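For clarity, chains are labelled A, B, C and D in written order, and residue numbers in each chain start from 1.
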Amino acid sequence: MFPWVYEFRWTTGHLLFLGIFFSVLLTIGLTVVRAAWKTYRDFQDQKQEHLSWKADFEDLSPLARSCRHEISGKVRRRSCPNEFDCRVCANHRVTAGRLPSAGPPARRGADAGFCGLDVPLDRLYHRGHTWVKEEREGVYLIGLDDFASRLIGPPDQVDLPAPGTRLQANGKGWRMRRQSTIVRILSPLDGEVIGQGGAQQGWYLKVRADSRGNKMDHLLRGEEVRSWVLRELERLQMALATDGVGMSLADGGELVYDVTLQDPHADWDSVLGEMFLQA
Amino acid sequence: MSNRITRRNLFQLAGGSALGMLLSPVPWKLLDDSAIWTQNWSLTPKLPRGPISIRNSHCTLCPGGCGIAARCVGGHPYGLRGTGQHPVNSGFLCAVGLAGHHYAYHPLRIDAPCRFTGREEDSRLIPASLEALLSEMSGSRNSTGGSRPGGSIAILDSRPGRSVSQAYQEMLSRIPGSVYLTPPSNEESTLEEIRQISGVDGWGFDFENTHTILSFGAPLLDGWGTPGRIARRFFHRSPKELILIQAESYRSRTAVQASRWLALRPGTEAVLAMALAQVLLQDGLCPTDIPVRVADWQEFKELAFRLPIAAAAEKTGLPVSAIVEVAHALAGSSSIVLGGCDPGGGPLDRTASRAIACLNILLGNIDQPGGIISRREAPGVGLHSPRGLPLSDVADHSIRWMIIDSAASGYSFPLSLLQHKLMHDKGRIVCLSPYMTPIAAYADYIIPTPAHLESLEEVGTPPGAPASSWGLSAPLLPRTAQSVDPLDLIPKMSEALGFPGGPNTSRQELLKQRAAAIMAARQGTVFHPGKGAAVKVSTRTGTGDFWNLLLEGGCWVDDPTPPRPATRFTMLGKEQPWRERLTARLEQPGPSPDQLVLMPVGWKNATSSGSVPPMISKLFQESDCRSLAGTVLAHPDTAASAGISSEGKVRLQTRSGEMEADLKLDPALMPGVLHGAVGPCVNQAQTLRQAPAEGLLALCPVEEDGSWRITPAQMKKA
Amino acid sequence: MIEQTLPRLPVESAPAHTIRDWKAMEKKWIPRGLPRCSPGRFYAWLAPWLLLLAIGAYAMYLCFAEGLQHTNMDNRFAFGLWIYLDLTVIALGAGAFFTGFLFYILRWKEMTAVINAAVVLGFICYSSAIAILLVDIGQPLRAWFTFWHPNVHSMLTEVTFCLSCYLTVLAIEYLPVLLKNRKLRQVPLFLVFEYELHRVMPVLAGVGTFLSFFHQGSLGGLYGVLHGRPFAFREALGIWPTTFFLFILSAAAAGPSFVLLMARLTQFLSRKQLVRAEVFAQLGKVSGTLLLFYVLLKTLDTMLWINRIYPQTGFSPYSFYAEPSFGTWVLLLEIIGLGLVPALFLVNPRMREKPWVLTLMAFLACSGVAFNRFVMTVQTLALPTLPFDRFLRYVPSWQEVAAFLAVLAYGVLLYSFSFRYATLFPQERDLRNQ
Amino acid sequence: MEQKNKARYGMVVDLDRCTGCGNCMMACAVENNLAPAEKKANDRTGITWMRVYAMNNGKAFPAAETVFVPMACQQCDKETPCIAVCPQNAVDRDPGSGIVGQVPQRCLGCRYCMTACPYHARYFNWSDPSWPAGMEKALNPDVAPRMRGVAEKCNFCHGRWHAARARAAAQGRSEPDPADYIPACVESCPSRAILFGNLDDAGSEVAKACQEGNCFRFLARLDTESKVYYRSAKPWVREMAEGNRMPSGKDGNLS
């Protein structure tokens, strides 16, 4: 092909043809290089947690991706376009703005029981079934909600991040194993781990939230928590119906503790994955 | 400023060099050249290297006597062509001769005495030894006691007329009951009959000056005689009119080129010849002196009128008008009528040959320019006649030792012919052959002889030539150590049989004597290949020079022989044995229309009996230029009458046996006739371990008249 | 930096020794929530295909080691089963480019249901085409020469360039499907790379569409330019013969049908609903419309061919269809039976609604394209050109058939693996939930 | 593709002279180092740069007529089918002689050229060429043997063309003497059925012969401008050859 090898003559045809095809090759190459470069940058920018979640989110079922305002009945139909990050959601600002201010979380006690679940409204809930409760200024406790605890039951293993680890909202929080099922729990907020708890303590992580962007807008609170829990029970029922080998929650769903034990044949892997927003 | 070279500098240098190299042609050229590396794998051979030269010699594959010019690299021939201006072949060779230099590397080359354990298909090749042969020979002497040999010994000489042939004859002349044989096929069969009719020896065809040729199946344009000579006559002198009438059942290559093709029913050659004679006589087309010169004129005339023309026309399958036209065409100008012999199909029967020879005499062709002219023998042949007994004429089961000098080249004959001549049980065949051929495989002893172009040979007068010629085939290749010169073997065999003291001259001496004899006669011209021209022998004085010139590919050609004074003829023989035979032939009823006949067809030098160069696969195997052995060609109607509608495997059956063959349909062929190709086996695929098969000839029994051209056959689907 | 974020996969309870452990481990590779048969059954299903693959590999080894004498191709039938196979799988693999085109360029969101399957099918088709081509050429070691000494006038150069480029594109498109495997996605690097790749996918889809147009066309041009073979030769529009455009169109028509057919087949074999009926109908509609258009052009082209090229080249119109086994029925079957009929059924919305009609017609459409490639390859070569030629027959040798089946087996294996361990049909989970 | 030639070598084959003897095929095979047939080779897989076909008039006995047609590469000049299709320029047309040549070292064996050639003049090495033991000593030193997996074809004895040019250069001439460059098939033909020479040299025998009325080209209507002409006085031969195929496709073969 090169002029000094054999008697090669460049003609218009050559220029055109080879021009086109080397452009194509270049385009393909550049595209891949760009993707690789962006990947590198993403890691530099610590965006991997966020992007992983984004990727996961795309693979969630439509029901799981419903907007919180659809669940609470404020809008008719909306699928979350922002991977549950309401902090950047313009719709949320509009919809939430029309509503009574979220205000500080209500105190514990009132109406803590709901559908047989302990859903105290003194804390904020994340769609991944964690709650966030301020312990002191800037320091938050993160725990599993009752729904999740009942689903998983006593974990066989909990793999908590070491103190000092940075967490990202919707990024990986920690992992729990129950029998052969491993569940990834999403972190509800951005911050740095400063303490490890456990099932016994009632909370799992103590986190110092980032001073900046310390907004909790993306977390569920107040009334909408209940409609969300209802939706989650509904989803669980559905998941159980398809993967639970016909198992279903009795009369409107009273969740027993450690559901896993109820039916060892059920595809808990699938059910838990569905409920904990895993792809 | 530090001048220290750091590792970093080195890396920079290396990197920079690499980049710089990329801008130079070197890496690209190397990458490009890797293409050539993929070529130089061990599976393609290394080409020979060395000085290029041209060496002249003669081809001895058949009696054609063609001069060859070999292009050699490092002394090894790598390409052959005809010697330019050569008086015999005019610079042309046949397809087989063109690959003559490949014979030495023949995959079926025999390098030690050996034999097959039997004649069955699964027989194995085992080593034999010359000593064992000689001791069995002397054992055969002892078994009957005394000095009488145990039965007769025969030598079948595939190329009679050589000095070596004379040595054979000399040896045999001292052994009582021995016989010198020649192969059954002979391109000079017409000339042989004329010799018998006229009682005078030495005739040749004057194709160069003739106007009309009637050929009864002679493959004139497909290897007959010296192909170069025929081609020169047919194609190189286009202004000179030549009419070729080809009479044969098969649309052969000659028939394709002929001016007229007479689709003659198989076996009716004699009928056509006699019908033509009748027309000549009836229309007064015979020269006036002929009735006077023919002793048995009346008898012959009676015979010629025995069958009415119309009956003859019906028998031959030709219209009456065609017969009349041909007769007139022959009488109208100088003409030659010659009987054919398909190299595969074997010779015409002698009855037909006799009728054809008579036709020539009626036409007044004898000793006429453009007819059949006198040819004197080359000097030095004197002692023994070059003619031997045709193999078919030997009494059955009479031969104890059959020695075959080189497997028949050019012609094939059924092995059953050999078998019938051998004594029951005791008969032994010794085959002197460089290659494994079906005949060699049939032999009890196979003695390797030098391959083509490996030994000093001579070439005599080619068949049908107008003048005698003689040349040498100087070896172009070194002889292998194991090969045995037949000339060295003859005294040993003679001694083993109890007749010691044969001629003990070397081959070179023998040939030198012959050269000296020719030189002494001081006649003819000698062709100088270097000059491309011939000079009169008389102008050359030194015998040594003559010899050297012959070694360099020179060729001696005799001057034209002056016509003899009016020869007298006895058409039907002294005791007129031919009258009955011809009568029988004329009155023989034609074959029934639903009777299929099998006719073997072949090509000179590439028949099933002989050996062919490996490259011949181009013609037989890698193209359909020629039919491979075992192919049967038939008209679709012929096949349909046997209940076969498509090409493919069929079974052929004759009274000699049964065989599977490949049927090819060709509407151009005569219905009712099966043409069985007697081609060579494909050599490259063969190994010495397996005996080459005889092919379709095994189905062709030898008739009483010594021919095997036409055999009633049956065909059915395999 | 990146190293630190590399997998910290959860500790497994114990190394897997037992079959049960192995089964549990294997299950971790299957996408969550997608029921798949037991590994035993899965590998039992693979076994016969693996056997075919092994036989084919042996046949290919024979061809590599001893040359193409192991095939029944010859100097007249220089192209045989393999080239036919190449043309057909590439035509069917057009589903990848065309679905990608619909999804990424025209933004038909519903195509998301089959885009992964289409990409995998495309990758299988193209990689097997290249694999078989490498066996088919006499000197595979010199396969790169086309890039080194390109003859830009040759259709085969275009094909070679486009095929290799497009296979690269398909491999890149296939990568995200693999990286999204449940186990692999736990590696953040993979998932992030997948995410970034996904973002540039429209560019690649565009490039793929461009390349596909070129090489599908060039494959048609391959025969259309043979002015020594009047049966295949077509007049040029611009620099390309009409077959160039016909091949593009027919491949674009067959591609969606093939995706449809394969999805249906997968549904049938796995006994699950994987794709919504309306997506099938959409594919059928696209396929039918293109096919109808193709049939019209093909008819026009055939008329031109009969009335212009026949007389020009001196061949009688009957000579091409003189052989009883390749009579005019070939032309009728190709254009009407396997062209017009499926096209009319597919464009009819009421017919499309019947699943079996849709499937059958998709099958007919694919067969039609395969038959067209067969005719272009085999009949072109079988027909005599010289007056003393004969119509020739060719029957592939076992080695050719084995290599053919090996490619089929390779496709089945790769598709089975992809179906089991990757998400080929994103709607599957939702359809299950409903 | 079209380039100015210094010479344009071509042939005129007189079919009325061809006896179908096969000399040209043998001479070609020997000259160009073709290997003898491999065991399984047949008339469809064998390699015969020059091949003699039998062409029949399609009639039955006794009206059947036959001519033999020696057919090698027809050396097409116009849009040479094989040159245009070769993906890696392994087929070229020498501007000095007009000869279409094959570069076996560059051929990757795709066989596209073979499908493109209407004359079936191209051959493929289906297996490794093999010669009987020792026969490599008898190979032509001027012609490189080809390897398995590549296409090959007649190149008008390129080895001889190079040798003739070298001889001409040695004698200080730029172009070889026409008498010095004769392909093996031409040389070996005993009936002188093949004329060979420079078609552009108006004085040459071929240039005159190809202008004659009974001269034609095979498949002339495909418009490949082949440089191998044929001639025959038989009208049916010319008619069939130029592409007006008889409707009956089946031809018998004469051997």
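Heads up, the rule we're going with is that a contact is a pair of C-beta atoms (placed from the backbone, for glycine too) under 8 Å apart; a residue touches a chain by one contact, two chains touch by 3 or more.
Since the structure is predicted, the reported quantities are computational estimates derived from the model, not experimental observations.
Participant: Going by C-alpha centres, which chain is most central here?
Facilitator: Answer by centroid distance: D.
Participant: Which chain pair shares more contacting C-beta pairs: C-D, or A-C?
Facilitator: By the number of C-beta pairs in contact, the winner is C-D.
Participant: So what's the Cα centroid distance for chain B and chain C, whole Å?
Facilitator: Averaging C-alpha atoms per chain gives centres 61 Å apart.
Participant: Using Cα averages as centroids, what's the distance between chain A and chain C in whole Å?
Facilitator: Measuring from centre to centre gives 38 Å for this pair.
Participant: Could you grab the centroid distance between chain A and chain B? Build each centroid from C-alpha atoms only and quote it in angstrom.
Facilitator: Result: the chain centres lie 96 Å from each other.
Participant: So which bits of chain B are touching at least two other chains?
Facilitator: Touching at least two other chains: 32, 35, 38.
Participant: Do you know which chain D residues sit against two or more other chains?
Facilitator: Within chain D, the residues that touch at least two other chains are 38, 42, 45-46, 53-54, 56, 89, 106, 128, 147-148.
Participant: Which chain A residues touch at least two other chains?
Facilitator: Residues 5-6.
Participant: In their complex, what parts of chain D are in touch with chain B?
Facilitator: Counting only chain D, the residues touching chain B are 17, 19-23, 25-27, 29-31, 33-34, 36-39, 41-43, 45-48, 51-54, 56, 59-62, 64-68, 104-106, 128-141, 144-148, 184, 187-188, 190-193, 252-255.
Participant: Contact residues on chain C for chain A in the complex?
Facilitator: Residue list for chain C touching chain A: 1-2, 5, 10-11, 13, 24, 27, 31-33, 35, 147-150, 152-153, 157-158, 161-162, 165, 168-169, 172, 180, 182, 185, 188-189, 191-197, 199-200, 203-204, 207, 210-211, 423, 426, 429-430, 432-433.
Participant: What residues on chain B touch chain D, complex-wise?
Facilitator: That would be residues 35-36, 38-39, 41, 43-50, 52, 73, 76-81, 92-96, 98-99, 101-102, 104-107, 221-223, 227-228, 231, 234-236, 251, 253-254, 256-257, 261, 263, 614-619, 621-627, 631, 633, 635, 664-671, 677, 682-685 of chain B.
Participant: Touching chain D in the complex: which residues of chain C?
Facilitator: 66-69, 71, 73-79, 136-140, 142-143, 145-146, 148-151, 153-157, 159-160, 222, 225-230, 312-316, 318-319, 322-323, 380-381, 384-392
Participant: Could you pull out which chain A residues touch chain C in their complex?
Facilitator: That would be residues 1, 5-6, 8, 11, 13-14, 16-18, 21, 24-25, 27-28, 31-32, 34-36, 38-40, 42-44, 47-49, 51-52, 54-56, 59, 61-63, 156-157, 159, 175, 177, 180, 182, 238-239, 242-243, 267, 269-270, 273-274, 278-279 of chain A.
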